[in-house]
Each structure stands twice: as C-alpha cells, then as structure tokens.
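Next come two complexes built around chain A: one with chain B, the other with chain C.
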Partner chain A sequence: MSALVAPWPISLILEPEVFIPLVYPGLVVLTLTLLGIIWLERKLTAKVQRRYGPLYVARKLGGAAQPMADGIKFVFSEQIIPRNTDKLVFIFGPLLLFTFSILPVIGIPLSPGYTAIASDISLLIVVALVVIAPIVLLMVAWGSNNKFSLIGGLRDGYLMISYEVPIILSILAMAALYNSLDLIEIAEAQAGTWGIFLNPLAALAFFAAMLIATGRFPFEIAEAETEIVAGWTTEYSSALYMSNMGTSYTRMYVMAHLFTLVFLGGWNPLPGFLPASGLLPGLMILVKSLAVMGLMVLLRSIYPRFRVDQGVRIGWHKLFTLSMAAIALSVLLVASGVWG
Partner chain B sequence: MRVKELGKDRRAETITLFIGPQHPGSGHLRLVVELDGDVVVGIRPDIGWVHRGVEKIAETKKFVQVIPLIERPSIIDSANMNVGYVRAVEKLLGVEVPDRARYIRTILCELNRIASHLYGIGIFGNMIGTSTIFMWSFGDREIIVELMQELTGARLTYSFFLPGGVKGDLPDGFEEKLEKGLRYIENRIPEYNALFIENPVTEDRLKGVGVIDREKAVQIGLTGPNLRASGVEYDARMVGEYGAYKDLGFKPVTRPEGDSFARLMVRFDEIDGSIGLIRKAIREMPQGPIMHERTKGMARQVLMKVPEGEAFSRVECGRGELTFFVVSKGGDKPHRVRMVTPSFRNLIGFETALVGHRLADVPTVYGSLDYFPPEADR
Partner chain C sequence: MTKSRTLRHLRAIRTGVKHLLFSNRLTCPYPDARQMVSERYRGMIRLNMDKCTSCMLCARACPANAIKMYVMDGKKLPGLDYARCIFCGFCVDICPVKALEHTTLHDVAYLDYKENQFPPEKFAEGGKDPYYVPGGVVMVEIHDKKGLLYKKKAVEKEEKIVKEEIEHVSKEGTET
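Coming up: the complex of A and B.
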C-alpha cells in the first residue's frame, strides 16, 4: 500500500476487507453522512421555505449537531412494544432491515484493486443485495399488527415490483455499454466520458427509480404522514424507530454510491493530488455521492407526493419504457461503433 | 386479534380504517373509512370532538358578551363570524350601521378571508405532502394578521364589530401599510403558481379527484368556495345585506369542474378578488361616524336591552355561508342563538366526493373542502 510501515492495528484497518465494511463506505462514514444529510435536508428545506431550520445545537455550525441531539433523544426515550405484535419480528425486523440496507456497501470498490470482494460480477452482487431489504420491510409491516403499517408495507411492496425492473434494466443498459459487470472496470471505463453523458436515458430511469426505492419525494408513498401516519413504521418508537429512519437514509446512501459508480465515473476524473490506487480515490466517490444525496433530499421541498397507483404507473409505464429505450440506445452505441 | 389469526380470517374482505381524531391528517375529526384494497367504498365522518356548546352558553351571556364566544369556533376567520352575529342583533335593534363602519367591516372581513384562505391552502398543501406551501402560506398569512392587529389590536380574535358599528376607526398610516401588505401578497401569488399550482404532481393529484357536479352540490347543500367550484354562482356577499359589497360591485368567482383542483383555484382567485375589494373600499370609503348613536359608548353596549323578536342573518365566511338566528325575549340576554357554520354544511361533501377514490385521496378531498372541525362542532 504505502512505503511507510504502519503499526499493525492501523494496517489492519486499512486492509480493504476491513476498511470497506467498517469505515468507508461502511459504518463510520455512513453514520457521519446520515447525520450530515439529515441536517442538510432540514437546512435546505428550511431555506426554500423561508425558515431557519436547525439552529440552536452547535449554533456556530448552523445547528449541525441537531441530528446528533435527536439521535440521543431517540435512544433514551421509552421503547414501547405494543401488545399483540409479533414481538420477534417487531424487534429484530428493523435490525435485519438495517443490516440488509448496509450490506451492499461491501461490493463498492474505492479504487482499482481496493475492494472487499474482488469479483467480476460485483455490480450484480450490489444490485441483488439492494433489492433484498423490501421483503424484510413487508415482514416488519405485517408484524406491527397495525392497519396503517400494513397498508404502508403493501404500498412499499407494490412500489418495489415497479422500481426494481427499471433499476435492473437501466443497470443492464450500462453493463452492455461497458461490456462488464465489474464495478471497477465500469468506473475505469468512464475515465473519459461519464455514463450519464453516454446514456442519459438510463441515468434518468435509474435516478427516478432510485427516488421510488428510497421513498424520496415525490414518491414518499409508503410513509405518507397525512394518509397512513408513518406507514410501515407507525408503531415504532425510540431506538427502533431511529433504526427504521436510518434504514431509509442508508438505502439512499447506498443507491447514491451505486449511481456515482455507474453513471458519474466513480473516482474519475481523479485530481492530481490523490494517488491512483489505495483508498484515497474513495474521496471522489464520497463527494459525488453527497451531491446526489443532496439533490434527492432537495426534492422534498419541491414536490407533493404521488398516489400509490400513480407511483406504480410511473414505474411500469414511464420508467420501464425509458429503461428499455436506454438498452436500445446502448445497443445502438455499441453496434454502430461509436462506443466500445 | 393476534397477527397469526388475522392472517387466517377470510371473512375480512374490506378494511375499516379509523382516521382520527389523533392522526396527522385528520384534525379534530374521525373519518371511518371502509376500504376495499386501496379504494374507498364507504366513509362516515364522526364529528363532535371539539363541541363546546356555544349556542347554549350564549343564552347565559349578555348580547355583547356573546361576540367573543361566537368568534371562538373559527378563530382563523373570526371577523366573518363576528359580523354574522352582529347583523342579527342589529336587525333586532332596528339600527342601521353608518356607511363608514360598513366599509371598515368590509375591509376587515376581506382581510380575514385572505388569511383564512391562506390557512386553508397551507393545510391543503401539507395534506398532499408539500410542506413548502404550508410554510409559505402560513408565513405570508402573518402579513395579513399583522395588518389586522394594526387595525383591531388583536391577532386572531378581534371582537371588533359591535351592534351598530365598529369599535375604532382606521389608525393613522394604515392605508399605506395595507397597500404594502396587499402588494406583497399579490407578488407572492405567481410564486405559489409556479411551485404549487403548476406543479405536475399537484395536477396529477387534484384534477378529477373528488368531483361534485353542479346538481349534486346544490342537492347536498354545499356552500362557499366548494359550491362555487361546482359552477354555482352563489355567494352570500351578493345578497348584499351586510358590508359594502353592493356599493363595491362584488362579483363571485366560479369554476365549472367541481373537482379538488377547482376548489383550490376558487380559493386562490378569491384572494385576488378580496385584494381588489379592499383597495376599492379604501378608495371609496366615506367620512362620517363609525357607530350608531343609539349604541354608542360602553355603557350602552353592556346594558343593551334588545326588543322582543327574531332575526336571521347570513354572511359569507371564508369557508362558506354562515347563518345566525337570534331570538330575544326583550331582556339583556339572547333567548336563543342558532348558528349554522359553513364547515358543518360542507361536511357532507366527504361522503359524496370520496367514494370510489383511493385512500390517498382522503386527505386531498379533506383539504380541498377546507373543512375546519372546531367551526363545524361549535
């Protein structure tokens, strides 16, 4: 890795098999990013809505410690487990859900050679892990024994089958373009032109499907506050609720990383002061992912939410067509010899 | 029932959902919704959660003391509530309001209508998920509330109209502040248009949802902006028995569609209309007394004895037509005060507009009817 010989705990942490799941893009940076993005979401929304937003906790930083304070408050408030719930699912469901949501990060490489699982189908692995979580969500919704939760879970289920197809098809379009399913090769192939400029249709379909998958506005359908209270997470309180809330943002974090790697060139273009290998190119991924997440949370202040039937229709009519067109575009680009 | 048993119960083909009274989208109201899948097959509004017996309490108070009482059910629209009751008492007394007082009443009523519509639009926005429009309209409503405070001394419950006139004249420099505030609201309307009304998601959510056609609207007795959104040109201000609406040449806003979007647009257009009315009222306002001679002074108001008789008045509130029926037996307290509020009459719209729509349309129709539970419960 480097010429310096680091003492063993540090060199152990810097091993990709440890660093990727635990530090970045794994738990440590994830936690920090979630705190940051929640603050950013509230601050951006407040700016649009002519308010201050979080202000008083860490005043000099514009209230940046507010999510941390909220988190502490959540942990120390009473954990209520309602009677007549399926207790096993009620308690372990959110933890399982969070685990499945964070799991896809193990497939994300930080630079050529720096990856936790070296595989030539790492893109497929990440996508497959991303789409497991909604099944657990249905389970949690059912286990809550609450009609609002059940409706929220079913809404998420309906949306799941309508966003997964466009996500996978638009990913396939890009895979056809780069002639690879390996995220490292895909990112390296974008050293010149980013995927979003090569196939904007796929990028658009993926971005919209990503909004549905992560429950961002205008597709905040499964948690619609004024319709079904908080959807699948109605009965939750305290730390388990925080876990549920974190799950939603974690999914966004993971999807934003996937979007960065497939459409925004991953670590390319690499600025001169960063080495071309090791973990530091990951900084570029982080910066781009943060920008994608910022865009996703900004939509909250712009759009109302769709109905569930409209969401499903958009998935099947618009995004499905769009992602099929993206595949056609990719095939055209490759067949005509313009690319690849 | 245990979760396991619930899964085996095959009799349950519809879900009965209790929306409210503790629900983020319900207000002080319970909607018992019968759902078949995602489609509403039946809805029964259950009201009365904030009933406080205004009509009964009114019988124990002096005539002038009833004014703060009848304002409370709809504090966001209190001037219009106030004018309705005061008109009925004036009819019993047989006093005519001086011209200047009529104009001042019109100005405050229309300001309050703008505030009430902004409130309704904000809640509506929040119900379909856009918190921005909620914050914007509540923030902009503050401008109007400040203006009304300048005029009356109170932010929400003014008690500014007394039998025979108004409490005070326009304060010094009020015209300039008013014009500034109105211009601000006017400049904000295009921004609302861009963000909310022309937002494709808003149009998808509202157009064709909760349609109440013209015949049905008349048949079930809808009132106010909801009635006008179904194409019926009726407004209690047209009758012209209060305020200066006749002199100002008032024309109601109507829309033919009868859906949620039309109801929203009628409110937006009425804000424009109210701004026009206020400007005209300020320009054409005559000089003169603001209180009738017979009811002038605190002593006359408090010791007021009202001749025996019955009186009926109708006024147009932000949410529709408000009617008062006041009976006096010749004493200093009313024998009976009957108050029919617009929200109570609009409540029936839930049952008509919602059946056959989706669960997600429940808050849409709720917001579009601009239903305000305390006003209906009294």
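Coming up: the complex of A and C.
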C-alpha cells in the first residue's frame, strides 16, 4: 500500500458524508463537548458563587471527569418504567428526541465544499430540523402520564410558539442581508465583517431565542426544578434520563454552531496555519461555538428563572419586535447600498 | 422603564463576570485544606482528669444532656456524647476549677454511634484528628475582602511538602 494514499477506512471516515454526521460536528465531538460543557457549567457556576465545584474526579484536571462518572452512574442505575405510562412513547420518545436534536448537524458545513448536504437552502434545512424536536418533547411529556411532566411539556409548548418565530425571523433577516440561504455562502460573505456587527439586533434576538429554545437560564422554565420536580423528564431515570438531559445540551450545541455560522463568520477569519478547504477550518467553528456555549451556560449563575408568562411575553413582545426590527435593518442596509 | 431594565441586565451580567474573574473562593476543599480558626474556637472539649472535683456542674449545665457522669476508681468523672453535644460551651464556662477546655478541632464525623461517645479517658485526650492530611497541615483562612487565603502552619521540616501541597491545591482552586 502506498504511503501517500490513506487506507480505505480512514479515507472513508474523512469523506464529508461520513465525517460530518459521525465525527464533527456529529456524534464523537458532540459527546466530548457535552461532557466538557457540563463540567464547564458546574465549574463556572461554582466560581461565580465563590466555591469549588467538581474537584475530586480526575483531580489534576480540576474534576473534569465528573460528568463521565455521573454518566456511568446513570447507565448502571435501575431503569424504572412506571406502570401507567405509554410504554412505547416512554422508551422510544427520548431516543427520537435525541435523534431529532442531533439531526440538524448534517446541514452544517466545515469549509467551502466540505459539506454533507450540498444544497443552496442548507440554512432552511438546519432551522427546519431544529424546530422538529419540541413536538417529540410534548409527546414524551404526555406519554409519561405524570402531572409534572405534563405541566413541563405544556410550558415548553407555550415557549415553543414564542421562540420559534423570532428564531426564524432573525435568521431570515440575515438571509436577506447575505442574499443567500446557503450556509457556505453565508459564512463566506462574512469574510470581512461578521454578521453580529452588521445586524446586532438579529444576533441579540437569535441569542435570546436560542436561550429559550435550549432551556437555559433565565428560561429554564420547562424543567423548573424548584417548581415542577424535573418538568417533562420527571418520570425518567437511568440512561433514558441521561438521554433527556443530553437533549437540551445537544440542542445548545447545534444552535451554537448555527449562531457561529450565521453571526460569527463561521470559519472566517481563517488563521494562516489552517488550509482554506477540507475539514480543518471546522476548528474555528468549534472554538467559536464553544465560546458561545460557555456564555450560555454562564447565564445560569447570573439569572434566576422567569415565570412562564414572563417567558412568553419576552418571546412575543421583545424578541418578536426585535427580530422584525432586525429585518427592517437588513432591508435598510441592502436598499441603501451600505451592504450587499 | 425599558432603559433601566436593560441597565439592570447589564449590571447583573457584569456582577457575574466580576465574580467569575476576580473573586476568590470562600469555601475550602475540606479534608485537604482547613479553615484556620481562632484560639478561642469552641471546638471539641478536653477534660483534665486531675483538676476535676466531680462537682457534676457540667452535667447539670449541659442543655443537650450530652454529659454523663462515669464512676472510675471511686471517682466520678464526666464523659461526653458528641452525638448530642451542641458545642455551646456551657460546661467549660461553669466548671469552677477549669478542668474543661475547648480545642480548635471540630472533626466529629464518625463511622458509628459508639464512636461518638467519649468516656472520661477518651474525653481527656480531647479528640483525635480523624483525617489524614497529606503533607501535614494546610491551613486556610477566610478573609472578609480577599476571600480564601492559604496559610502555612506546619513543622519546619515538613515545610517543603506543605509548599507542594499548597501549590497543588491552589492550582485546582484560587490563585492566591
């Protein structure tokens, strides 16, 4: 076998159609990021609250293996399925939910030409796949046959109608600005100026809607621990609970990538040591997404929780207005010839 | 109204970031580092069997009924049950001959109930440090403004080990 040609398993893995769903931004990096971000969330919260946080598992790394230890504990604890639940939904709902949460990554390109789906509407594909998951969540909440699950699921339903409109509108504002629905073209258009500087209104609306969509503080309303036990995931235990918990972090991961591509320039500006094509520009996306995720989890230690009516009001009164203003700003920028 | 709310959001985020970047921690990772306490700390109580006059005032004063009198060689001596003791210090205050005194130790977690009970001989030892602390003692002090401070208070020959331990702990935690 020649030294220059990679053996077929490696070249197969490096194909974008395999690499993107399975490695990055797909399953492998997702799993590692989830473990890292849960640790980071606990550590940041602890630092803001002036205490230590996880410390003893992998002591040299500051307790970085704690989420992994927690995961092992979850997997080996007893899986309880309550008698009166809808068993099919109860068991397969979380798996479906996780699948729909991770599915949008297939539309995320890593560099010009390195994408699993070469499509000129990849932005719409990602957004459409992102907004499917909450329907399954309602199904899971209903199937649990528990009042807290139902309340949590309905709260998520209320929030769903209030965040999806701002998300889609602010994304469309950016699409109007870049005159494209293709994530590659959108990222390439930000080689000079990032979207967040062109249209900060859209970025703010999208960021806040993203917080609601992923159930981060101050919008952790559907799982409000102090009010409704664990919200829609109350009846779950063991591995299925872990899957439920991972779902919200997975959505955060996916939406942080979307935010990076649309507002933070994607792989731009590319540092000199990275090639301009292939999969390596994805490193820039990963770094920026991690920064966005870090900011999102930091808010846990800063904010208390809004009531559900406050959350819905913010969605409709503030974010909807803000995203409409963002569209107006985009149209103004394009029409006046300042941009595009 | 809206403006003041925006300002409040920004102020909240600023406070969070300020604590994230510039605040020291207020807690200490207990068995490895401990809070340094004052000499007059109301910790575990030590009995001086020679001074004790068996007056039983300590047992009468004890609000939690933690002190019980034992008979040893014809002499009555107090014994203490740490499962009941609330560390109020009344027994120390009331003792007319100063046979009881506080120590600075406060490690009263035991494996079973029996170990909580200190008959006079054990009571006279004043309680042992139940934890093994690698490298001697790393003391921490909680400063009102600066937060958690690490203090070296150890035997001279163990100083090097203590220093390593301090570096180890401060690498995990705060940078002071």
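Here, the second predicted complex is superposed on the first by the 336 of 340 C-alpha atoms of A that agree within 3 Å, B and C clash if a C-alpha of one lies under 4 Å from a C-alpha of the other, contacts with A are read in each partner's own complex, and residues count from 1 in each chain.
As a working rule, contacts are C-beta pairs under 8 Å (C-beta built on N, C-alpha and C of every residue); 3 or more make two chains touch, one makes a residue touch a chain.
Source: prediction; values computed, not measured.
More residues of chain A are in touch with B than with the other of chain B and chain C. Contacts of A:52 after superposition on the shared chain: chain C is touched, whereas chain B is not.
When the two structures are aligned on the shared chain, A:181 is found in touch with neither chain B nor chain C.
Of the two partner chains placed by the overlay, chain B and chain C both lie in contact with A:302. Legend: residue contacts after superposition of the two complexes on their common chain; A:322 is shown touching neither chain B nor chain C. In the superposition on chain A, A:254 contacts neither chain B nor chain C. By the document's definition of touching, neither partner reaches A:293: not chain B, not chain C. When both complexes are overlaid on chain A, the residue A:44 reaches chain C alone and has no touch with chain B. Of the two partner chains, chain C is the only one touched by A:62; chain B is not. Shared contact residues of chain A with chain B and chain C: 48-51, 301-303.
Of all residues in chain A, those touching chain B in their complex are 45, 48-51, 84-86, 142-143, 145, 147-148, 151, 217-218, 220-221, 224-229, 300-310.
Put simply, chain C touches chain A in their complex at residues 12-13, 15-17, 19-20, 23-27, 29, 147, 172-173. The part of chain B that touches chain A in the complex is made up of residues 1-4, 6, 15, 17, 23-25, 38, 125-132, 135-136, 139, 195, 199, 201-202, 204-205, 358-363. Chain A meets chain C in the complex at residues 44, 47-52, 55, 59, 62, 298-299, 301-303.
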